[in-house]
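Take a look at the following structure, please.
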């Protein structure tokens, strides 16, 4: 696998740099523009989550993203060393359909958008930190 | 300064990932398409040099690139831990104009292309490794 | 300035001037909306023409503004680029939650002829 | 396969099939050229239409192929994209070192009417 690692400090103002870098890389892979857009969004969501939830907004953490590519697809990992996601069920949450204004979600869309971009999503917390893993196969020709 | 760090192993097959990531980031900065193209090329040249010269082709090194941006411009650093560039004069070499086929350069164009992309280029070797520094001011509106 | 707020025919038009309506920008947007709502504004058109990237935090700031309005008003959006339109579609917020218009003029016309409920 | 070599009117047309003619691809390109030269080819047209990124190593592999030819032949290039054309201009290799043509046909016509020197 060809691998590149990207990292930023845990500050929301830096997330766009990560998104742009991933967009650039996806632009050179056999992904459709829709797939690239979705992947850029997914990375930003995942990095936002590490900053907002794992690091609880503390700016002194690091969020690392690795992107590994081979002829069949890509594996994108987002690493942090903050408080892990406890309730794995959240990874599978579907979007609630709001029936009234009060039911409108004010969150919970990030993991949905991440799942929407990837073929599969995994999460692992360990001694060395936490990692969210997105896999995406190439479908487009070449 | 907003900073992102990118890194790859010292293998020439990975340099395109670095180039694509930098292209993506430059696409979100107030640079003209010509300036972005030149910056992508410069990064690839600099990373190639670290791999080919500093690491002499050994695949077990790491090449790190940091990109720092503020409202006025960007600073791009390329780090390696290989054998440093000894002859600083090479940084300023101009392109030879070949008068015969035998005089055609087979190298020496990389640093010229790097200088061509940046407003200024610096190089420093130290205990912690070597760094090539490119600075580029934003000229385009915004 | 990230926003430009103007009153047109009783409708508050908020032009989002940044390229990104993301987690970094959402808190500012939300506080701008809360200020306007506290000043009595009820009908909003949000012009997103400049926005080329929007994430779930951007959407969440819109929804929380809706809640602050508390049913006695409306927020419509207009001038969505392709990527932003896609995001509204994927999250199904284009189905009844937010009215989406092609231009500010269209949106203002539609909202100024709606009587506020509250 | 990275290259497609064909003989047209006594001119060897080499189509570079990769997107990048860079430091990773240059050694393969050069050995393809050296093989062809050792087989007796003297006039070359290199079709770079597919290439959207070229660096100094790509250029260097072209120049070292020229040296291997040793003055008794020519390498012309054709179908350059905007970025590749810019690279030839910045490095001044478009001034006499390589003839640049818009299409393979044009290039083959020009080179097949040139008598080889060696």
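Going by the order they are written in, the chains are A, B, C and D; count residues from 1 in each one.
We adopt the following convention: a residue touches a chain if its C-beta (ideal position, glycine included) is under 8 Å from a C-beta of that chain, and two chains touch if they have at least 3 such contacts.
Predicted model, so just to flag it, every value in this text is computed and none were measured.
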Third chains touching both subunit C and subunit A: none
Chain of greatest Cα-centre distance to subunit B: C
For subunit B paired with subunit C, centre-to-centre distance based on mean C-alpha positions, whole Å: 43
Centre-to-centre distance between subunit B and subunit A (centres being mean Cα positions), rounded to whole Å: 29
Centre-of-Cα separation between subunit D and subunit B, whole angstrom: 26
Sequence positions of subunit B contacting 2 or more other chains: 13, 16, 28
Sites on subunit D touched by subunit B in the complex: 20, 22-24, 53, 55-57, 59-60, 63-64, 66-67, 70-71, 83, 86-87, 90-92, 97
Subunit B contact footprint on subunit A (complex, rising order): 2-9, 13-14, 16-18, 20-25, 27-28, 67, 69
Subunit C contact footprint on subunit A (complex, rising order): 12-13, 15-16, 19, 34, 37, 40-41, 44-45, 48, 51-52, 95, 97-98, 101-102, 104-107, 109-110, 112-113, 116
